[in-house]
C-alpha cells in the first residue's frame, strides 16, 4: 500500500483536534492544513504541544476529539494493519533520537530501509550517501553511545530522510547542532522539499525560520495562537 | 526473513547470560521429565511381567482319584481368568521341595512315605492378577470337588498393587509440575527478552515495521533457545546413560535389565523447539500500534 | 540503609518476571537437592541396620561332645569381628525349620529321628559385614575343631555392597551438578539484573554515589531472591511430605518407615540467603569509577 | 571529605591536556583555568570536544596526556575511592539527560540529595524549591517519559543545582528550551553564580553568552582556538 496521489487533498489536515493526557490538555481545538510539497514550521514554548502534534500525525497518539487526515486517509477510519504501511511514507526526526544503541550508525540508518524490504545493494548505496550528506560517513561503524550529541542528532536525521519519504516530520532537529551545522541540515531539508517532499519542522530556534518566507504555526499551552508567514 | 535470523542471532549473543540461563533451565526441566518418564517406563516394563510369576496352588484331597483330578482341571480350564493349569502329583512336589531346601535336604533322608498331598498349580491371566479377582477366584476354586485348600501369596498381590498406584501418583505429580514449569520458563524468558527490548520494538513500530517483522526474530529466538534446551537435555540423558548407567551395570548386574528407549529421547530437541516457539508466541501476545 | 531496602523492593516488583523465574529456579534446584539428600538419608538409615540381620551358621559334626562345642564358642567369642554367638542344638533347629515351612509342616509328621546337625549362629559387628572380611572369617571358622560346614548369604553381602556404592555414586553426581547449577543461577540472575541497570548505575556513579550505596540494593535483592527460593523449596518439601508421602503411607505401609529430617530442611531458607548474597556479590564484582 | 577552600588554587586547571578515543583525538593539548566563582562558556561546532572536556572535569574520562586539577586535587593522584566524594561537589547537566526512567520527577531530583545522605525533610523542602525555580512543581509526580523534551531538560537542571554544589557543569542546557525558558534558566545560573558557585556552560547557542561579558573558550576539532571575553 503506497500513498496514492489522490487529487487535491491537503497532505495534512487537522480539524478541531483536541488531545488530552491523563490530567492535562496537550492540544485544544487545533485546525490547520499543510499542502503537498509545503515546508512549514511549528513553534511555541516548552510544553506547548509541538511533539504531541507530530505524534498525532504519525499515529503514535490518537486525537480525543476532531479529525485528522493524512494524504486523504482519515486516521479514525484507519485499520490497525495499515499503520506500518502509512508510516513508511513518513520520515521522523524524533526529539529524543530513538537510536538503536546495540546497532552501529550504518545499521541504525539502514533499519529504515530494511523495514521496507530493500535489497542489500540499495541499502549500502543509499545509507552511505545520506551519511555523507550530514557529514558522518566516517562514523558509520561507530555505536551511538560513542557519538557526540550533535552527531547522534545527525544520525537521526539521516534515518528520517534515507528512504525518501513523502512527508518529513522533524522535532527540534537542530537542538544539539551548532549554527553552521544547523544551517547545513536546513539546506538539506530545503533540497528535499524542493523535490516535492512535504516537510514539517517543530522548533523553538527562531533562526531556522527567520526570513525564510515559510508558514509558521505558533502553539501556546495547547492552543494555536498564530499562523503567519515570516 | 534472513534478516530476522540475523537479528535473532545478534540478540542471542548479546543477551548470552539470560539465554544460557533459559537454555539450561529448559534443559534441566526436560532432563528431569525424561528421567521421570524413563523411570516410569522401566518400572512399568518390570512390573508388566510380574503377574506371570504369580501362581495359586490348589491342594487336593488325600488319595484322590484320577477322574476327579481331571474333572477339576477341566472346570479350571474353562474359567476365563485362567492362563494355564498344571497338575503336580505328590512325588513331583516332594522332589521340588527337596530342591528348594538344598543344603538341608537330608531332612528327608529318613522318610519312607511321602507326606505331601497332590496339587494343581493355576496361573492367571495378567489382567486377572488383582486382589479382588484373585480372592473371588480362590472362593470359586474351593467349591470344586476334591480341592482341600487354596494357597497363594497375598503379599505379592498387595505389593504389586502398591507399586502401580505409587508409580502412577508420583509420576503424574512430577511430570505435571515440571511440564507447567517448562512452559513457564519459556514464557517468562521470552517475556523478559521482549520487555527488555520494549523501547527497541517501539522504535521499530514507529519506523513502519510490520508486526511480522517485529515478531519473527522473537519466534526464531524462542525456537533456538527451546531447541538448544532440548539438545542439551538429550546430551544430559546420554551422559546419564553412558556415565552413570553403564558404569553401574559393570559392578551391579541388576542395572543391565534397564531399558533405554533411544527413539523416545531423540524427540527431545523437537519438544524443545515446540515449547520455545509456543512460549515466545504467548509472551509476545498481541502487538498494538 | 533503609533507602537500599526501598530500592531493592522497587526493583523486585519492577522486574517481577525475571525475579519470579530466578526464585522458582533456585527453589526447584534446592528442592531437588533436598529430595536427593532425603533419599540418600533414608537409604543410609535403612542400610545402616541391615548388617544386624546378617548371620552365619556353623554346622557342627554329628554327635559332637558338649566340651568341643564350648571350646568352639569360646574361640569365636574371642574374635574381634564377632558381635554375638548362639549355640543352636539340633532339636531347636528342627522346631525352627517347622515354623519356617508353616503350611507344609506335615512333611515332618512321619519323622522319628532328627536329621539336622547341631549348629552355632554367629552375628558379626557392623563394620565387619563386608564381602572380604566375611570370606576370611569363614575360612578361619572352618579350622575350628568340630565345625563341619559354614553357611552364609553371599547374595545379601553383594547386594548390600552394591546399594552403598550405587547410592554414593548417584548421590554425589546429583548433588554436585545441582549445587553448581544453583550457584550459576544466582550468579547469572544478579548478573542480568546488574547488566539491565547498567545505565542507572552509571548515572548513580556520576551523581556521586559510593560503591556501598550502589551495591547494597543488589545484595539485598540477591538475599531476598535467594531466601524466597529457599522458602519456596521448603514449602515444596512440606508439600511433598504431606501430599505425597503421607498419602502413600496410608495405602502402602512401607512408606511409614521413611524418616523425615525436619531440622535439616529448616535450614533451606538460610542456604538460599547465603547462595543469593554470594551470587550477587560475585556478579557485581569490582565496581570501577 | 569536602572541598576545602585551600588558598589561591584555580577551581579548574587544565595543563596540556590531550584525550584520545579509539581512533580519534577528541582534545589536543588544552591549557586553561577557571577561577573560583567564575562563570565561563565553552563553545565550538558539533564534535569539537566540549562534552569530552566536561567529562574530564568530572572524572568520567581520564586524560591521555597533561594534568588536570580540580580545586587543588590532581586528578592523576586521586584515589578511586575519593571520586564519589569529589563528584558530590559538582552538579552536572548532562547533554543526554541521564534521567532515571523508573523514578518520577521528584525522585530523580531527590536522588542527588539521597546519595549525599540527606534527611527526608530536607529532601522534600529542597526538591520542591528547585522544581519551582524551573517551573516544574506541578510535574513532580510524573515519570520522565511523560514529559516534553524541554521539561525533561529542566528536571536535569534541577537535579544539578538541588544539592548546591561548588561547581556546576552544564552541557547544552538549553538545547530543548525556547528562548524565554532558556533565559529563565540562565537567570537561575547567574543567581547561583552570584552566590559564589563556579559555573561552566558548554553550548553552541550564541545567544546565551552574547554580550554577557563572560569568558568564552572556543574549541574546534579538539583544539582550543580562542579564549575571549564577549
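When the chains are written out, they are named A, B, C and D in that same order, and each has its own residue count from 1.
Simple rule for what comes next: a contact is a pair of C-beta atoms (placed from the backbone, for glycine too) under 8 Å apart; a residue touches a chain by one contact, two chains touch by 3 or more.
As the structure is a computational prediction, the values presented were derived from the model and not from experiment.
The chains that touch subunit B as well as subunit C do not exist here; no chain meets both. Each chain gets one centre point, the mean of its Cα atoms, and the points for subunit A and subunit D are 31 Å apart. Work out the mean CA point of subunit A and of subunit C, and you get 70 Å between them. Per-chain Cα centroids separate subunit C from subunit D by 64 Å. Not a single residue position of subunit D touches two or more of the other chains. Within subunit C, contacts with two or more other chains are made by no residue at all. Under the stated contact rule, the graph of chain-to-chain touches is a ring, a single cycle where every chain has exactly two partners. The full set of touching chain pairs reads A-B, A-D, B-C, C-D. For subunit B in complex with subunit A, the touching residues are 3, 10, 14, 199-200, 202-211, 213, 288-289.
Those residues of subunit D that touch subunit C in the complex are listed here as 58-60, 80-81, 83-88, 90, 92, 94, 98, 100, 102, 111-112, 114-116, 159. Those residues of subunit D whose C-beta lies close enough to touch subunit A in the complex are 21-22, 43-47, 50-51, 95-96, 146, 148-151, 154, 171-172, 175-181, 204, 206.
Contact residues of subunit C toward subunit B in the complex are 17-18, 20-21, 24-25, 28, 32, 97, 103-104, 106-113, 115-116, 151, 162, 165-166, 169-170, 173, 181, 184-185, 188-189, 191-192, 195-196, 243-244, 247-248, 251-252, 254.
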